[in-house]
Amino acid sequence: MNEEIILAGFGGQGILFAGKVLAYCGLIDEKEVSWLPSYGPEMRGGTANCSVCVSDEPIGSPLVLNPSLMLAMNLPSYDKFINSVKPGGKAFIDSTMVEEKSDRTDIDCFYISATQLATDNELNGMANIILLGKMIKETSLFSLETVRKAMEKSIPPRKANMLDLNMKAIEIGMNY
Amino acid sequence: MAKMEVNFEKCKGCGLCTTSCPKNIVVMQKEKRNKKGYFTAECIDMSACIGCAMCAMMCPDCAITVEK
Amino acid sequence: MAVVFEKPKALADVSTHYCPGCTHGIIHRLVAEVIDEMGIEGDTIGVCPVGCSVMAYNYFNCDMIEAPHGRAPAVATGAKRAMPDKYVFTYQGDGDLAAIGTAETVHSATRGENIVIIFVNNTTYGMTGGQMAPTTLPGQVTQTTPYGRNTETQGYPIRVCEMLATLDGVALAQRVAVDSVPHIREAKKAIRKAFENQKNKRGFSIVEVLSTCPTNWGLTPIESLTRLREDCIPYYPLGVYKDITAEEVVK
Amino acid sequence: MERNLMKGNEALAEAAIRAGCKCFFGYPITPQTELSAYMAKRMEKAGGVFLQAESEIAAINMVLGAAATGVRAMTSSSSPGISLKSEGISYIAGSDLPCVIINVQRGGPGLGGIQPSQADYWQATKALGHGDFHLLVYAPASVQEMINMLTKAFDLADEYRMPAMILADGLLGQMMEPVTFPEIKANVVEKPWATNGHQFKRKHNIVNSLYLQPDGLQKTVQDRFVRYEDIKKKHSEAELYKTEDADIVVVAYGATARVAKSAVNKAREAGIKAGLIRPMTLWPFPEKQIVEGTKAASDVLVVEMSMGQMVDDVKLSLECSKPVHFFGRTGGVIPKPTEIFDEIIKIGGAK
Amino acid sequence: MAVVFEKPKALADVSTHYCPGCTHGIIHRLVAEVIDEMGIEGDTIGVCPVGCSVMAYNYFNCDMIEAPHGRAPAVATGAKRAMPDKYVFTYQGDGDLAAIGTAETVHSATRGENIVIIFVNNTTYGMTGGQMAPTTLPGQVTQTTPYGRNTETQGYPIRVCEMLATLDGVALAQRVAVDSVPHIREAKKAIRKAFENQKNKRGFSIVEVLSTCPTNWGLTPIESLTRLREDCIPYYPLGVYKDITAEEVVK
Amino acid sequence: MERNLMKGNEALAEAAIRAGCKCFFGYPITPQTELSAYMAKRMEKAGGVFLQAESEIAAINMVLGAAATGVRAMTSSSSPGISLKSEGISYIAGSDLPCVIINVQRGGPGLGGIQPSQADYWQATKALGHGDFHLLVYAPASVQEMINMLTKAFDLADEYRMPAMILADGLLGQMMEPVTFPEIKANVVEKPWATNGHQFKRKHNIVNSLYLQPDGLQKTVQDRFVRYEDIKKKHSEAELYKTEDADIVVVAYGATARVAKSAVNKAREAGIKAGLIRPMTLWPFPEKQIVEGTKAASDVLVVEMSMGQMVDDVKLSLECSKPVHFFGRTGGVIPKPTEIFDEIIKIGGAK
Amino acid sequence: MAKMEVNFEKCKGCGLCTTSCPKNIVVMQKEKRNKKGYFTAECIDMSACIGCAMCAMMCPDCAITVEK
Amino acid sequence: MNEEIILAGFGGQGILFAGKVLAYCGLIDEKEVSWLPSYGPEMRGGTANCSVCVSDEPIGSPLVLNPSLMLAMNLPSYDKFINSVKPGGKAFIDSTMVEEKSDRTDIDCFYISATQLATDNELNGMANIILLGKMIKETSLFSLETVRKAMEKSIPPRKANMLDLNMKAIEIGMNY
């Protein structure tokens, strides 16, 4: 396995958290992993994104330039990264936030109205996890068991009650 | 008659303008996001606008123009 | 119909990088309005140090200098001494002006340096993600006071206007806020007075503006205005702490 | 031991606490703010002191004061903040005090940018302030190594009574990787020189760097350089990767070395005998390891996130006996594996 | 016959490098007398930065740290935080404390750092040959104000006690002088109070001592005392600017 | 022209005024206080600004502000004060501003001493602050040369939009020697970038060192380094003294070069073919002149008032092709002619 | 009876002690320089000394000891 | 000519001024000259001294370690420098301030009660110049004409009235 993943959106959409869950999945499955956020003032009212690598080999640069998997939750992020996805790669796009459709034919694009789905299911703020569920479904990277363990690791103890909600969001994504 | 106008793309949807209108006619719409992804402010009853510009004075992004 | 309100000319027609509802934007506008009204854009040099407003050089249309963190008053002193006929102002955050830049602030004040300082007090380090500032309120939770600012170990906030008012070189020290339209009007008057002081070579003028940081306060923009009103203003009372022109009138 | 994901900045903080660091003084700056934030959460509970200083200058001088009393003390910053600390660091070195300083480098000069950089190499290794002195400089390349090196930095700082630096960068500070924390035996060094109150049991101690008589100052400096020679002999470190038979050896440290390793692997796949030397200490510079690792090589390629600062040290280590090429990125740009690979090819092809 | 006056034990039995008649010597003695009286020499850490008193580490018998110019309060903070049960004091000149060290001074004060600051105000930079200090009087001739300090261009002196008294963390801010025996007695009482404050964990105490610099004032030692009395004290009024223990009593 | 005795520090001040320096900001420190004192007396009368800042940090940032408006600005300090200026200098370089900075070096590290030293060589030439950048560094060896170099420093600083340093030491700053002041034609350089009020006649100017996009920052740095290459080609300077036939060439700069010249003369008297190369610019380092001046030599001896900082640059200039020996004094000790002579003999005798 | 004593080698001849003696019996002698080259202070009428130590309190160099 | 001279005494005794007059003498006679003071806090209540070189050749180090001529105005200075005088050199000592006599036989020592002479002649503070007069007499380094010109250069215009007094002091020294 050698996946290079970019997750991107607004600050506040849970991009970094979704990336962390992914990285923990890799850790639990005893892969080499790295997680790298974009940082700095561009976060102020701008976009946030992170790079996650999951690999069988030690990881060189943790900065992903050409992702094999991409998850975009707003238009600026979509615009910024859609053309960098590797041929053969997959893109997961929140179609509530991004109305455009890519004309790339060398990658698979999945459009999920995640924000809308989250609202509909009273899972406000979990569009990120819904998208993640879809990604896991389409790539079969990790088992649901792994994802659950990763969630346990990623959610701080005082927010343990969020675990089930997050897993529900995963399922909604997987079943989309 | 007065007119206030919200620049759709400039507005960041912060809602500050809604707190200052003496006529309570500035509200946040929930229909359409601008390119940055924000739901913007709008005037729901332009005929009631007195052109006092208090909404505009409160706007951090110079997104509101007022004419009278 | 005539335009009764639009973007001032001294502000560039660009979208700022500020978070939604951040009142930095209002304060920028007030400064620009004063510059417009006085017609001095072509004779003004702005100095912005590091902080959320670090990119103000892209927003103000006058000549601009970006200064190291905390050193804007020194940079402004250099510019003003070199060009005594120009208007020089700084635009500084509370971390910048009251922490790392304390010495530069106090000394440009006591020297009576003929400059204007716009001091944006949002009780935190906005740019770096919300750490404790010298002006962080007792009990306030920030990234570096996760259990609330404990004055026993982390000390007390500095009230800058009160402190600077003890110095002879200060012409104006006034604290204003931008939580409401009346206060915004007051703030603009204070900024205007500060620039007039510079015009009349009266010395150092500082306008402290109580401002919000919704992002790092963890509040919505509207809740932030409420906090400003209910928590900040009581701790940092608005008012004129020193005004030599008032003294001239009174005496 | 359990592996957990941790950010580099946070791992440094946790490692410091475990290494017995009793006082941390910091001032916020991107990209190392998480370090202070972590300390703010944990230090007091661990029985230590966390204090956010009013500036970098105050922070380094608080370190001076705390270190003078004999406790383990640390500060952390990024490039512009480190420049501000330079007078204080020179004083700490001149007063023979141990401490640890973290530099999570960002792009310069000036305000520059906040993305990763290695352009403070010269500053760290040759001139962190005025006068003749050195710091121990560790260059980690992974979050785990940050932990290991931090412990060592405290130990050697105490042993040799000198400041030690962890020279990291924004990439290492911000990234999360799996880490484990080894059981740490804090190396307890006696500090009879500490100014912690003489209790009428000894003569008063003085922590000082002033010597009005040039001869006296010269003697302390020369004595210090004798200790430096000892360190050079014993404590330089480097990783040699596929160098035994390498025609072309890449020399790179820190985050850059990770990228370079990918490029070396790629070159090997393409049938080119490439290798990598990764200096782990920058001062003392691993001169012997450079010679050793380039025995078979015809060419050396130094890669840095700077305009080329380590390259001279590599040349000098080799006594200019082999061509030393340079490839650099600066200002926060991270070199790509393919770019380094292309350089390797170019050098190989130029034969 | 019993000895009624001799060198305190906390002072080393050496000849200082101070110029004849320099009152640094008197102030050293007062600090040492307080240390003797409280019996705390073995638990005291002194911090001296650069200035004429830079070699105080040779004169005080307690443990001593030499600090960079202006940074003594930060060094003292580090030492005190590491060793909260020790007594930590700094001994700083006016250039040191009120110019380059302004930020460290203000912030150790506002933090309420539990230390004692002995602030020797001789209205000049003694060590470097008599340049203008922040406390140099208007009109005073120094190496860098050869035509007398002109407040128009070189600014106004800072009254440190008055400024620091505006800060919440300050327990004691008092100004004394050493121009006469009664004043010297007063000075000692203030220093004693400062150390008692530290003992009782009351926070930051500063004692500003108006002192002479015959060498750079270009006066004899005796003339210098006269200047202290006639020029300096009127500009820097002696007195208690803040004393939280007094407030406790009053309330 | 009349020759007068003048102190080095005062000569620098007078030369600056004559070179059209309009703003001087300083903070007192031994051994350069006379410079400020002179400015305090003369600057205002000459129509310029003298201001004693509250600190070295304030002083360098006042220089930044004044230089940004397009006037010639200068500051001056000694070693610890220069360390404090390092952040500001990095900003000035990063903002492409011209200015002149004087360092009248004293012994370090820390408070060190106040006697002459050359231990800030690395700092001045490689790392006066964080990030990739350089200053022009002039190393005068006499009071007259201080005057000449100061003028040149202002001219080149303006031309290349970068800071320039006069790296002197306490000996040169304090000594009096006969000097004359040449008629100076201030080289007036247009500064269309200056932030002096746009008067609605041009777009607003911005003086800045921040580039949030790494590519943008990299580009400005690389462009700056292209200018550096131009300077290296055109502006390195060195004095070659009796080097044509010299077996042993001493390399020394500044005050040390004066002593070394006495030693070389002594060696010649003793029948030893000795010569001297005196770098007059330290950055750019006079590499070509080093090669040129050592053509006949079998050995090179570097002499510095430090533990050996320039010695690497000499080795690199020669591509390690000749043995480069080192003799140093530090902490304020000035080497004696006889000591250098003895070293020359030792090297000669070792054959 | 009281006694004040000036340490001849420690005294720097500044004269400050002479300003504070209520009995006016402390003066600077002009005969003999100490090793540092200073003319030192002395008591010209020990019998008048009341041991108040005011001279000593004024001395910056701890050069005076007083007994009573 | 190649004279290396040290002048030493207390701060306030005019040591640096005397050195400056010597240096100006050299300048007027078109020699190479240098003048270097001791500096720093040792001046605080301690000794002051300066090195003066006057030579036909360019001057290497301006710091004099082994003077050919030495002028001492107090005991600490005398102690510090008397043994550093070059064999064959000359020492000029203010015997009002220094009671000791050197037992060196390889140099010429001149003891002049300069401070006393100055007081006697109402030239308080000019013991330095009296000693200088003696030095010029014993070495014949410079003509009286040169010395007068050097004085003119060394005395700032606003103190021009001091010229004659200084020349009187020179003469007293020369005639001692």
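Some points to look at:
Residue numbering begins at 1 within each chain, and the chains themselves are lettered A, B, C, D, E, F, G and H in the order written.
Rule of thumb we're sticking to: a contact is a pair of C-beta atoms (placed from the backbone, for glycine too) under 8 Å apart; a residue touches a chain by one contact, two chains touch by 3 or more.
Nothing here was measured: the structure is a model prediction, and the numbers come from that model.
Chain centres here are means of the Cα atoms, and by that rule the chain farthest away from chain D is G. If you compare C-F with G-H, the chain pair joined by more contacting C-beta pairs is C-F.
For the pair chain D and chain G, the distance between C-alpha centroids works out to 59 Å.
Centre-to-centre separation of chain C and chain D, using mean CA positions: 38 Å. In this assembly, the C-alpha centroid of chain A lies 34 Å from the C-alpha centroid of chain D. With touch defined as above, residues shared between interfaces to two or more other chains in chain F number as follows: 30, 51, 54-55, 57, 80, 87, 91, 95, 110-111, 114-115, 208-210, 212, 334. Within chain H, contacts with two or more other chains are made by residues 40-42, 45.
For chain C, the set of residues touching two or more other chains reads 18-20, 22, 54-55, 66, 68, 99-100, 102-103, 106-107, 127, 134, 154. Contact residues of chain H toward chain G in the complex are 10, 45, 74-76, 97. For chain E in complex with chain G, the touching residues are 1-7, 11, 15-16, 18-26, 29, 180-181, 184-185, 214, 220-222, 225.
Every residue of chain C that touches chain F in the complex is listed here, in rising order: 41-45, 47, 54-55, 57-58, 60-68, 71, 74-83, 86, 103-104, 106-107. Of all residues in chain F, those touching chain E in their complex are 27-30, 33, 36-37, 40-41, 44, 50-52, 54-56, 80, 110-111. Interface of chain C with chain E (complex): residues 99-103, 106-107, 110-113, 134, 151-152, 154-159, 162-163, 166-169.
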